[in-house]
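To start, I am sharing the structure in question, which I have written as structure tokens.
Chain lettering (A, B and C) follows the sequence in which the chains are written, and residue indices restart at 1 in each chain.
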């Protein structure tokens, strides 16, 4: 029974947690389980901690719970820096009837989304440079409307072009904890393919964090935030 | 670890289910878990069976799962003959949140409260007579909600109007030992709260006892205690 | 890498059609690539590179340039219109080819043919990497399609609770102020019970013609003196009104000494002297 492994680990964790008795540990696990199960949205560790007994080892409890559920039909996942129960990926065939209709992205939109995700912060010109095609306004609109990308700021460069990045909703939808978890991001970085320049001068930019601004980024102007979301 | 008991039972059940190997049994458990988790409503055993491998022992699987979750933060429950995960009864409190809003009493409410404090037991008509304006239901509601006033009884008079008085919480909040500690005319004058030129016949009452009933008071009717607390 | 000016996405359609025609018309072409359409020259180059069936990283840029140029030539031979950026790319590749074929001495300023080729290879690799990334992203287990959150989340019940605050000072100030205001308000209401001069005149006028004998004012006004607080007001107003009526020649007044009762009667034509006494 694969479950026994999880139980073993849980017991080990119990032994490690000096501040909580096994009974308290078990009760805290139950509480986290209940809160995460009840919510459709992911919950931050701090939110969970605020409802647990003072001094509870939330990180340890979550690790324990994740282990326990790893082999089950419902898994504990880290998405967008938060925690959530989700059905196991291999059981998707069972759940087709629960599926909500997905926004169908055109190939151009999907490619643009990938470029924004891996290269963020990027300007429209950056995207066009990578794709070798002009980006139609519609493509960025669709992505902005989906809530998966957002205007992050303005590049500190002539014309102060708007920079784009991904959102928390993007991470949640694609089941990513952070943009550093994008598939193959490390290999791409190592190959210099996330660089905006030829690999001759080999500086590899990190795909910037989704929060905060890059060193060459300014915050958005007030007008950017007020006006319609479509950049000219 | 309570979970090991569940594991034991699962193993027992595995042995009983001749049609399914332990691996198949485990997989079926995972499937039920995922289906129940993702479903917007409770599912009948037949619903589950129709999506499980042919010949799966749904009743046995459900019993196994119910046992597994019995000690956890979420339980597998049968609701109107159908199955669903629900937060464990003792953890329901985690799903309730109290939003406390700090509010200041309106001038009308303060006046009414003071009149109730000094003149108790008072009826609504008494309050209106003293204030010279009609008292909105809202004002008394707010004061009842604050926990500082209560319905004491009914005046032995035509219409048997409800009488109001202050509570323990009132004394606690305002740092008074008894209502008799409320300052009199001279003290109010000394504190500069009353003009020294108030007419000579100006008096303020010595507040009566907060406990017990006044001679002209009846206890509240049973209906007063049961119904909504808002007197019409 | 400025050679490939971006082409609009509408233009792709034209290219796609062109390609479809080409595909049908030239089945012997070595460049049969089965795609929906090209998104610009870079996309076309990438597809051509893929058709070489080798790792893009080790592609021969020279061979690729040849392929592209041959392909463009083919389309032109079919007299199909080509978007400008495809032609710009063709010109640039022809230039690149010449730089690669003719050995050159690096002057340190201009990039060498190898550097230009490397830059193109990089762009192709990067575009391909992004294509792959997009596909991997699209094929991830996506929320609501492949993996699911709780279908019947249990709502968090938020109970709103108001907490009131007030100080004893607030309470006492409100009480004292209110009681004091009310005490003054009583006086104001008393003032409202004034018998106006007009009321008095109205009452007296109705009596004119019916008071032949000297009659004490108090007796005439007795119906109005009934309410206690009104006495002064009635007396004062009646006196005032009577003076007006005397001046108008309708009544006569008589008072024997200060504060003595005031007598009233209708004015008689002979009673001219009596009116002098009306000065109480």
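FYI, a contact is a pair of C-beta atoms (placed from the backbone, for glycine too) under 8 Å apart; a residue touches a chain by one contact, two chains touch by 3 or more.
Small disclaimer: the values here were computed from a predicted structure and weren't measured.
**Q** Over the chains that touch one another, what is the least number of steps taking chain B to chain C?
**A** Minimum step count, chain B to chain C: 1.
**Q** Taking mean CA positions as centres, which chain lies farthest from chain A?
**A** Farthest by centroid: B.
**Q** By C-alpha centroids, what is the most central chain here?
**A** C
**Q** Compute the distance, rounded to whole Å, between the mean C-alpha positions of chain B and chain C.
**A** Taking the average C-alpha coordinate of chain B and of chain C, the gap between them is 36 Å.
**Q** For chain A versus chain C, what separation do you get between their C-alpha means, in angstrom?
**A** About 31 Å separates the centre of chain A from that of chain C.
**Q** Could you put a whole-Å number on the gap between the CA centroids of chain A and chain B?
**A** A distance of 39 Å separates the two centres.
**Q** Among the residues of chain C, pick out those that touch two or more other chains and give their numbers.
**A** If we look for residues of chain C contacting two or more partner chains, we find 148-151, 154, 156.
**Q** Out of chain A, which residues touch more than one other chain, so two or more?
**A** Within chain A, the residues that touch at least two other chains are 37-38, 85, 87-88, 95, 98.
**Q** Can you name the residues of chain C that touch chain B in the complex?
**A** Spelled out, the residues of chain C in touch with chain B are 148-152, 154-168, 170-180, 182-183, 185.
**Q** Once bound in the complex, which stretches of chain A touch chain C?
**A** 37-41, 84-89, 92, 95, 98-100, 102, 105, 107-108, 110-111, 113-115, 117-118, 128-134, 136, 139, 172-175, 182-184, 188, 191-193, 198-200
**Q** In the complex, go through chain A and note every residue touching chain B.
**A** 1-4, 6-7, 10-11, 14, 22, 26, 29-35, 37-38, 51, 68, 71-74, 85, 87-88, 91, 94-95, 98
**Q** Okay, in this complex, where on chain C does chain A touch?
**A** The contact residues of chain C facing chain A are 1, 4, 6-9, 12, 36, 39-43, 115, 118-119, 122-123, 125-127, 129-134, 136-138, 140-151, 153-154, 156.
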